[in-house]
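Look at the two complexes coming up: subunit A is in both, with subunit B in one and subunit C in the other.
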Partner chain A sequence: MSKTLFGLLLRTLVVLAGTAFLTFALLWNAPGDPAAAIAMARFDALLSQEVIDQVREEVGLNTSFWPAFWSWLGPLLCFDFGNSAVTGRPVWPDLWGAMTYTFPLAFAGLMIGLGVALPLAIFAAKRPGRLSDRIAVAIASLGAAIPAYWLGLLLILLFAVQLGWLPAMGARTPAHAILPALTLGLGVAASLTRIIRSGILEARGQAFLPAIQRRGVPEAAIGRDHIAPHAAIPVITVFGLELAFLLEGAVLVEVIFGRPGLGTFLVSAIAARDFPQVQAVVLLTALVFVVSNLIIDLLYRLIDPRIGERDA
Partner chain B sequence: MRSVLILAVFFALLIVFGAALAPHDPNALNIPKRLSPPSTEFLLGTDALGRDVLSRLLHGARWSLGLAFVVSLISLAIGTCAGLIAAQGGKIADWVMMRVTDTFLAFPELVAAVVIAGLLGAGTWSLIFALSLTGWMRFARVARGTGLSVKTRGYVVQAQLAGMPAWSIARWHYLPALLPSLTVVWTGAFARAILGISALGFLGFGVQPPNPEWGSMLLDARVHMRSTPLLMIWPGLVVVTCVLAINLSGDALRDAIAKDA
Partner chain C sequence: MVSGSTVTKLALRVSDLSAMRSGRTILYPTSLNIAPAERIGIVGSSGSGKSTFGHALIDDLRRQGHSVAQVPQSPDEALDPLRSMAFHWQEAERALGLKPGTADREALFATLKIEKGDMRKRPWGWSRGMQQRFVIAMALIGAPDLIVLDEPTSALDPVVAAATMQLLDQHLTEQNIAMVLITHDLGLASKWVSKLAVMQDGHLVEEAATQDILNTPQTKAAQSLVAHRNWMALPC
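This part shows the complex of A and B:
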């Protein structure tokens, strides 16, 4: 057990180092002169070569790849993302501010997704292959095919433009968060429904169930103690992937609804070629993904001891 | 299997001949008739510059579907190579290859694609590059998984003992065994590429105007949501139909393969 745990941690560390390297290398090798773009964003005017060179030196773009990489990586280990190349302010407070918009949105989306998917999946799995099941699966398939940005626009069209019930753009009141969270949640619900449904169906097919039933264990207890933990394993597996979906979904949704957050932060940082900011967002999303997958891997072993043994 | 084939032929025809079916020039401006509702002349109405929406959608198939097709094939090629190297190359190659795959997987696909396409400068080539680079990992995982199970089969071991070079073992023994599962993954990748291309188009990082791409058509239509909501409905409907059809045929294919096995 401890050996596989060590392997798991080593793997996570290697992946984290890889993400840092990849992020840096990607931005370093981007075509175009970043110093010119930064100067442009700072002074909002066409500039002489002298000013551009001055900016290049100031931002540290005049060294070669490896020195620049190490001088970026060092502070990063202490969670110091450096200063914005455009405003000169530290990246972290602005990034944190953006996250306080994005993470609650992602969490609300996840809750809505679970709230829709769980009843729908249980309803569908009650009578597999029958009409109720087919309708539920059809809804889920349709939901998986609808792009988040189009769903968002449709919701704005219906609830904000036609009915006038909810505000569409901005983030001033809690009501502003309803449509974005709904957009995100319905997308999550679509994929979760299918996975939970097949998880339940697979658990139902297990050989131990008839034995328990014949011992006279009540249906409710069977569902809670035997089917639910079994069905949870595939659900947890895709949870990690859902997190990525939530993050990138949130990015799109924020742009559609004009909300401040990681998405709008990222898009404006790319436009201004603010490397430290772009690096911070990309690295942060990767970090969230890697760490949550590590937690999921550990969680597996807790729920299903067989998984740890199989690895070893 | 048959439904998949019919669908594939239909999409291929749409990509190749869709533009020829268009009643109008997709980029012909007609300002007096801008934002007009569906009529016999313009079956789906016109956009803010008076361009025929139906013609733009038909021409857009070449961009949205054609590019997605290219992207999914490049991802397939990269992923299969990576997976086969992991499966055939021994323990160290396997570990390294899989950590590289994990590293690429750690970046949310769309976030990474936006960053890459944004930094390379919006355009068709950076779009293809960005989406291929973020889309190959599932192929690698599946190719490795299936490849490891092929590795121990008698005919592969025999081929190795007979001194057959590694790449021809890959070509003649691994690839045929991998093909069914890779095709299923490919349908998913094709659907996701369509969604990715239209999402980047919608964000302004994808295919550039005036080329008619479905996502960028949505971006244009968004401003006129109040006056002409229909303009926003058509491109989205086309994307959903394509993605749904591809996903369903992927499901059918998977079930057919599961039944065979």
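This part shows the complex of A and C:
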């Protein structure tokens, strides 16, 4: 077990190092003059070449790739994300502020998605192929087909404009989070429903189930003790992908609902070519992915240790 | 707990069991009497309806209020690969209405020689022979009236199979438990049962003492089974 844990951690480090390098290289080699973009964001006017060159020197864009990379990576190893190229303020407090908006939103979306998908999938799998199942699958497919930006606008139209129940824009009160979280959650629910349903159906086809039924074990116990663990394996796999969807969706949803958060943070940072900010967001995202995949891997091994034995 | 041997067990009887699958009759009305502690073999070629009859027999006897245990063909059909052996054992106890830990596990495990198995492991952490014997031990919890074994040794190598049947045989004799052995292997059946029921195309075509069927098979199905038994020479 400690050996597999070591391997997983090593993999995590490799992925993070690769992400750091690739992000930096892509940003460095992106077309256009980054110094001009930064100067634009700072002074918000048409600028002379002199000012641009001054910014270039100040931000450290006048060196070559490798010195620039190392001077960014060095502090990063001590968890120092550096200062924003535009405002000159440290990146971390601003990034943390954005996270406090986005992570609760993503978590709420995930919970709503799970809360809708689980009962719907269990209901659908009760009688596969029947009308109830088809309706549930149709709802799920519809949910997957509707893009978040359209669903978000529809929800605003209904609950904020027509009914006036909920605020639409901004993030001042917790009530402001309801519509964005719903928009995210329904998208998650759509894909999760189909995965959980097929997971249950597949689990129900396991060869050992008839014997356990014949042994006299009650249906509810069979569902809890045998079907649920088998159905959980594909669902856990998809959870990692859901997370990608959530972060990606959160960026869109934040823009639609005018919420601060990682989405707005990232969009303005890219527009201004604010290297330290963009890199911080990308690395953070990579870290979230890698850590959640690490957790998923460990969960796998907990449910079915054969998975660990096979690739060891 | 009252041990099985002190209780006078009743004869088991099923009558006119039948089964359909997707509109086709796969078991025509079939009856069978099983005397207390009797050993009966249900034999026939593949698709003759012997497993179907076995399942119908279990369901019907359970409805009559008898305790009947079943051992499927392979441990893969009896054990969940994601749950530990201890979990399976407790689940079987609960299903019989016993409090977990009250069945005499040590004695059953000693009987089937699987005391050394690690109960925390999952089925695939045990050898297949041990898994199958564990399944048999589970079936024997609470001393049932009847144990139905469906090709119990087809997943085992001949030596392990013979040893398993030997251990099981002793236990059934001590506890007065009847046995129905479903198999296409006439050699196996003739070694362990006193009566044979021959199945063909969903019908029970011949029923007689084992020796009578081996010596003077009456029907075509029995004759072809006797003619093609190649395993009589094996130690089991």
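Convention: the second predicted complex is superposed on the first by the 305 of 312 C-alpha atoms of A that agree within 3 Å, B and C clash if a C-alpha of one lies under 4 Å from a C-alpha of the other, contacts with A are read in each partner's own complex, and residues count from 1 in each chain.
To be clear about the criterion, a residue touches a chain if its C-beta (ideal position, glycine included) is under 8 Å from a C-beta of that chain, and two chains touch if they have at least 3 such contacts.
Given the structure is predicted, the values throughout are model-derived calculations rather than measurements.
Upon superposition of the two complexes on subunit A, no clash is found between subunit B and subunit C, which fit side by side. In the superposition on chain A, contact of A:86 is made with neither subunit B nor subunit C. In the superposition on chain A, A:140 makes contact with neither subunit B nor subunit C. By the touch criterion stated above, A:289 is placed in contact with subunit B alone, subunit C being left untouched. Here the vertex is the CA centre of subunit A, and the angle it makes with the centres of subunit B and subunit C is 90 degrees, a multiple of 10. Once the two complexes are laid over each other on the shared chain, residue contacts for A:154 go to subunit B alone; subunit C is not touched. Taking all C-alpha atoms of subunit B against all those of subunit C in the superposed arrangement, the shortest distance found is 21 Å.
Residues of subunit A that touch subunit C in their complex: 206-208, 210-212, 214-218, 221, 225-226, 229-230, 303-306.
Subunit A makes touch with subunit B in their complex at residues 11, 14-15, 18-19, 22, 26-27, 30-32, 141-142, 144-150, 153-154, 156-157, 161, 244-245, 247-248, 251-252, 255, 266-267, 270-271, 273, 278, 281-282, 285-286, 289-290.
Across the complex, subunit A is touched by residues 99-100, 102-112, 114-116, 118-121, 191, 195, 198-199, 202-203, 215, 218, 222, 225-226, 229, 232, 236, 239-240, 243-244, 247-248, 251 of subunit B. Of all residues in subunit C, only 55, 58, 69-70, 72, 76-83, 87, 91-92, 94-96, 122, 124, 138 touch subunit A in the complex they form.
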